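Shared between the two complexes below is subunit A, which pairs with subunit B and subunit C, respectively.
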Partner chain A sequence: MKKKYILSLVFVMLLSIGLAGCGGSNESSGDGGGDSDGGSADGGTLIFGRGGDSVALDPAAVTDGESFKVTKNIFDTLLSYGEQDTEINPGLAEDWEVSEDGKTYTLMLREGVKFHDGTDFNADSVVFNFERWMNGSEESFYYYKSMFGGFKGDEGHVIESVTAKDDYTVEFKLKRPQAPFLKNLAMSPFAIASPDAIEKHGDKFGENPVGTGPFVFDQWSRNDKIVVTKNEDYWMDGYPKLDRVIFRAIPDNSARLNALMAGEIDLMDGLNPSDVSQVESDENLEVFFRPSMNVGYLGLTSNREPLNNKKVRQALNHAVDKQAIIDAFYAGQAEPAKNPMPPVIGGYNEDIEPYEYDLEKAKALLKEAGYEDGFDMELWAMPVPRPYMPDGQKVAEVIQSSFAEIGVNAEIKSYEWATYLEKARNGEADSFLLGWTGDNGDADNFLYVLLDKDNIGSNNYTYYSNDELHDLLIEAQSTPDEEKRNELYKEAQEIIHEDAPWIPLVHSKPALGGSERVKGFNPHPTGSDTLTKVTLEEK
Partner chain B sequence: MAEIAPQKQTNVPKQPDEEVISPWREAWKGFRRNKLAMVGMGIVLFFILLAIFAGVIAPEGINDQKLSERLQSPSASHWFGTDDFGRDILSRIIYGARISLWVGFFAVLGSAAIGSLLGLIAGYYGRMVDTIISRIFDIMLAFPSILLAIAVVAVLGPSLRNALIAIAIINIPNFGRLVRSRVLSVKQEEYVMAARAVGMRDTRIIFSHVLPNSLAPIIVQGTLAIATAILEAAALSFLGLGAQAPQPEWGKMLADSRQYIIQAPWTVFFPGLAIMLTVLGFNLLGDGLRDALDPKMKK
Partner chain C sequence: MLAYTIRRLLMLIPVLFGMTLIVFFMIRAIPGDPAQVILGQQATEEAIKSLTKQLGLDQPWYIQYVDYIKGLFTGDLGTSLRTSSEISGEIWPYLAATLELSLVAMVIAIFIGVNAGIISAWFQNSWFDYTAMVLALVGVSMPVFWLGLMEQWAFSLELGWLPSTGRENVRNPVEAITHLYLIDTLIQGRMDQFVEVVRHLILPGIALGTIPMAIIARMTRSSMLEVMRSDFVRTARAKGTRMFWVVYKHSLKNAFIPVLTVIGLQMGLLLGGAILTETIFGWPGIGRYIYDAIGFRDYPVIQSGILIVAVIFVFINLIVDLLYAAIDPRIKYN
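Showing the complex of A and B:
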């Protein structure tokens, strides 16, 4: 895959050499048209600079934040979260009822909402979308599997049926109660797409998304930009304010900051922690902090030699100086992690004793495991800055150096982002840096999604499997009582701590930078922001 | 390169009259008078010594991370300052000399060997063989060299060794063409005709008469090519296709520190300076050698 990537890079370079001559004139005429568009209306065009391109724009088919960042603005979900929290608010459903036994949910849908292709949104379209996911496979909708326990016919599948009671009422029947069900419905991946468009585009829906959201998909040039325009018929009166949003991929953090300072973009995520003070001191710019709800970790693929040995994984856990990494590459804007989920989430186990940084202990554990002389392994570092890890390569180098001191010889590897995720999901990495930003603010969205055996091949990239943990997590899912649920999650964290399938590294407070003209922007803890209420002030 | 010249001396004085000063010694005399060339040789020798004695000279290792001492400006304890891992930049540059010279020297050795051989064959046999080999060279030269190098690394996978191979490959046609044109003229010399007349085998003629008499341009081209090879290795490493962490390759050091160019300019200044100096050194040396070895070029 790496070869393919570089070959394609070479091809693109060749192509760009060939096209260099005519490119200039094309571009300027295109820009001219766009500008006059923007000038006639008053909302203006917001350019959002980010670290990577989206993988696909079919929200149900992806799990990466860069895709959700865009789909969140093209699609609506049945329920939505609060402005800066994960409380349940109305979305496409105006109201909802839950039965006594917690197994039947009835949603009353908003009337008069239309998809971007002009078709009506109604109960049938909701049923259509759920049927599509339920009849899918791990290949196509793996996030659905993570959140609802499987697909039609699977034993773990939570949803028994979804039916349209009338045009604007949908009823969900569950096989067993699922405590975070409503929170799940509000997640970006389970946004409602136009059934017509899905049938029309088939496999290509990810490149031709049609939803009900505040912005309409316009165009996508891979690895460059995605353009969305205002949905004039949006159901929320008077919104969105902006005429157009362009999501531009600028992988390098410093290059993105330069673009912001030069006024080429209006908003950027992935502001280097070390650059925060520079942005603060610039009177035309502003720093936004995203409420922290994430974890950055080093996954230890637990079915690969010698990482299948628990002692080895524990030893590696002792060999990482998290605080030093935070001081050096997060400018202190993070706290060291000891659990796979952040402390803001209910059920966080405060009492876990973290593996302290102690190379002697690490060596002793390696000796017990029979690897006194250490071993060789690969250490994968993500190629793009992520909110939970602004510079994966540097973090990898720090870890590589301290591993070397206990005799573990780690070779740093990196692939293009989509390839990286795919290969890691296939279990091809020995150890890999990755992270997770909570999508619904529930412990289930961290522990079950990332570490349960059900999710091997989807979001459990470490192939860690523990039946005891599985039973606990399933029980917690079906326990409506909050306190009892939290106890179960605390117990689960103890098991995970002992088995050490990860080295939890940090919970970061991601920083964003923006022009002073950007108003009404409230970064959401889930990492994908709705730009419905954002405005651009004239200078 | 300096040590190659005296070694090959033994091949040359097969001519009958003993008293004549050998052309190599004459060249050395001319070379010594060229001040710039001597400066170039001084720089090159300096870096060669750095590379050989890196273990003794360097105050610290290549990957002694001290995160508490990151991005310190140059001081008495860290002459060139520290990078973002708190590593001593001076030490890394000293060890980096090893990598750059290793890549430069062996890449050029490889391309000179293969290129010269192909050039000898093309030039000596002529006709169809010449046409085929020369057209292949033309095709290779039609690519911008760095692009070809990237393509080669893309196929082999990114690592320092593969970068070396890539650089060796892209430099083959330079040597090939040079040697071919030289062979074309040497082939017409009387001593070659004489050798042929007494029934000497082709291989023997090529290696004991044609090659030694084509050596001077190869040496000149080789010296200059080391400079480009070092630059190309740095470029590949900068793009992430050459040296891998934590190897202290200068181009990689530049790439890793470019985000600190304003905050901590020394992290990019010194690796850049090191690249510039070695390239300058090899270029001056190469120019001097050309003046000394190739009297026709002097004017």
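Showing the complex of A and C:
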């Protein structure tokens, strides 16, 4: 009798679990293998899995990469970057002219382009957008200020005027030459938005973006997905290929990989370096590497004892085995750094002789500096993974053990991310792991932003200050001649190398995973990808 | 009963008031400046100052607190510092996602947990008892993120039975009305989507329900063991009542009060504590909403999010207390 009850109850339980499973088996192809909606099926739907949601979809008003990933596909910029580099190419402007003195830029716009709301794109809409930004404030248009030196009325503001010469010609007059001006115009934040839509939606434009880009904004459920659909009237003939793109937020890297392997998403970014080989060995999947435009480094706060001594900083530079770190934590997909900027950037100094991994040299330098017996210091480890630093804690441990060999006793510390940044910015760390991904592919965006004395308290976390370097960097900012400018940056890198305010660690190639059906996808070094030419092959 | 309910509701006021105060101070005590976080690594000092002012964070704390409380009384939960959208307008979809998931998790936990506990008590020291209690011990100690990843590996990658992430088949999206997708799909008569939604609920439901399931099973077992030794059970059996009814009717009813307490507490915990499950399964719930807000120092979202979860938690406990009287007539609220 007893047994019968047990059996029947166990049976009920098993049945309920079993039903759950079976219910799925005949449907699993729905989620797994491409389009089951049977809708406009030609180009198909691409699902892009990423770690976080966007903040807002008004590119001028945001600073986070997750927002740009989407706006890059809804909006176009006046000029665009090359497919996998930051060379200047035509965008909404087909052609451009620069005056002799480098202070007047004339852009000839593409004709017949329409915004998604049906209004015309022309010179007036460009002027409208620039007027909107230059009359703004730093909180609302952060990148505008940072790239163009301020707003209307500010002394540092580079742009004197933006005028429509005729329907399809825009003239920019600058107060002084700005070498990276064209590169700046190609940045995602300076995409041209529909003036009508901006007026109509006001504050809510970030939730109702209207541009001229390859995809039209459709819907957004926060923390879940953003859907964009094909712009049938896109100006580039025959593009985009896809009918629909869905950006899904799946925060955990491993779970996102599971979703990719299960076929629920077609592309993912933030592939763990340690998972690269697994994806490579799966015949249905493919690994993509984003060309490197970043640097991961260990900052040596140069106003703290004993790191204020140049010899000590040089000694520590000799004590890090970068290749070992790359092999262990970047799956080999990075190159050791010797300069504060990656080699793809114009002006990179090839001739710098890197501080080789040599503990004897390091000890000798410490001895010269009077720290023969070593010293104690803090070594801060980033608490969050970033493309240039997939595992801050482990990298810190490796550096810690190398330092121990030259008698430097480093204590690893870590804080929650916002706290970490604030404390490091305040100069509270002896040494700290950090990194940077370039915004516009210009040397200024690395050297000036990260190491000039102007940026102490902002992005120069090491409090490194050198007047000679400062003069070079300022001169380079207004030197339009590319060759001369590159020479200045090369000289700047020599100074930085000698002063050693950082231990430059790596330039990494962040990995992405995708279904092998995804074709024509070329990850862009800036971190936001245009999906215009991507196609999904039938299985 | 009515008087008791009203008294309990009135007691809510100081509880919630105290809670807002604690949350308000705690999030301001941790380092990290919202303006800084919003503007990113590149921001200049003036920008941070000016944004701080615009966000009203330069005001003394008591003015900020009074403003916040005033807003609450008019149903204004504040505005997210990060996205500048009204919290009252955007919180429901997150809450609905978590509610749906927690309810499913609890249904699984209660159904399996209670039954396993009963059978274990009924056949104490049998193989079933030992197995179930070892499993329960494992269940309680299992890290949710590990369980979640293992489930994904087994059921979606290896077996291909169930989807691994999300709430719906995004290629065939549910049109949200109430944001409770089980209900939305039923209202719209979309059985295909309903099945999809159920399938998406199973893995996260099990992951989230495992710990409560184990706790409920252990609690049910010990409570049942105690009751089944009491006199009335012996009498019932002596009368010749079938064992099944003795266990499931007479004993369970008497043993259920502590189990109900555990269920109530666990349900409340799930609402706020589903962050790990939500992260692993890409579930757009309230746990992640609040967690992200902490990373961005989005004070209003943290305050109001925790407030909402706390209110629900308190209400669930109130309902549990009222259910005691319904289950056990000896309990009376005067």
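In this text, the second predicted complex is superposed on the first by the 317 of 539 C-alpha atoms of A that agree within 3 Å, B and C clash if a C-alpha of one lies under 4 Å from a C-alpha of the other, contacts with A are read in each partner's own complex, and residues count from 1 in each chain.
Please note the rule applied: a contact is a pair of C-beta atoms (placed from the backbone, for glycine too) under 8 Å apart; a residue touches a chain by one contact, two chains touch by 3 or more.
What you see is a predicted model; the values in this text were computed from it and never measured.
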Subunit B versus subunit C as contact partner of A:419, first or second or both or neither: second
Touching partner for A:393 - first (subunit B), second (subunit C), both, neither: first
Subunit B versus subunit C as contact partner of A:63, first or second or both or neither: second
Touching partner for A:353 - first (subunit B), second (subunit C), both, neither: neither
Which of subunit B and subunit C A:254 touches, first, second, both or neither: both
Subunit B versus subunit C as contact partner of A:483, first or second or both or neither: neither
Between subunit B and subunit C, more extensive residue contact with subunit A: C
Contacts of A:283 with subunit B and subunit C, given as first, second, both or neither: neither
First, second, both or neither for A:237, with subunit B first and subunit C second: neither
Shared contact residues on subunit A - subunit B and subunit C: 2, 6, 9-10, 13, 252, 254
Subunit B to subunit A touching residues, read off their complex: 63, 65, 67-68, 70, 84-85, 147, 150-151, 153-155, 157-158, 240-241, 244-246, 256, 258-259, 263
Touching residues on subunit A, where the partner in the complex is subunit B: 2-3, 6-7, 9-10, 13-14, 252-254, 272, 274, 321, 324-325, 327-329, 393-394, 396-398, 400-402, 404, 411-412, 414
Subunit C-touching residues of subunit A, taken from the complex the two chains share: 1-2, 5-6, 9-10, 13, 16, 20-25, 27-28, 30-32, 35-37, 45, 47, 52, 55-56, 63-64, 137-139, 142, 145-146, 203, 206-207, 221-225, 227, 246, 248-252, 254-256, 258-259, 261-262, 264, 415-419, 421-423, 425, 436, 449, 457-459
Subunit A-touching residues of subunit C, taken from the complex the two chains share: 30-33, 36-47, 50-51, 54, 82-85, 90, 93-94, 111-112, 115, 119, 123, 128, 145, 148-149, 152-153, 155-157, 159-167, 169-173, 176, 195-196, 198-199, 202, 243-244, 279-282, 284, 288-289, 292, 295-297
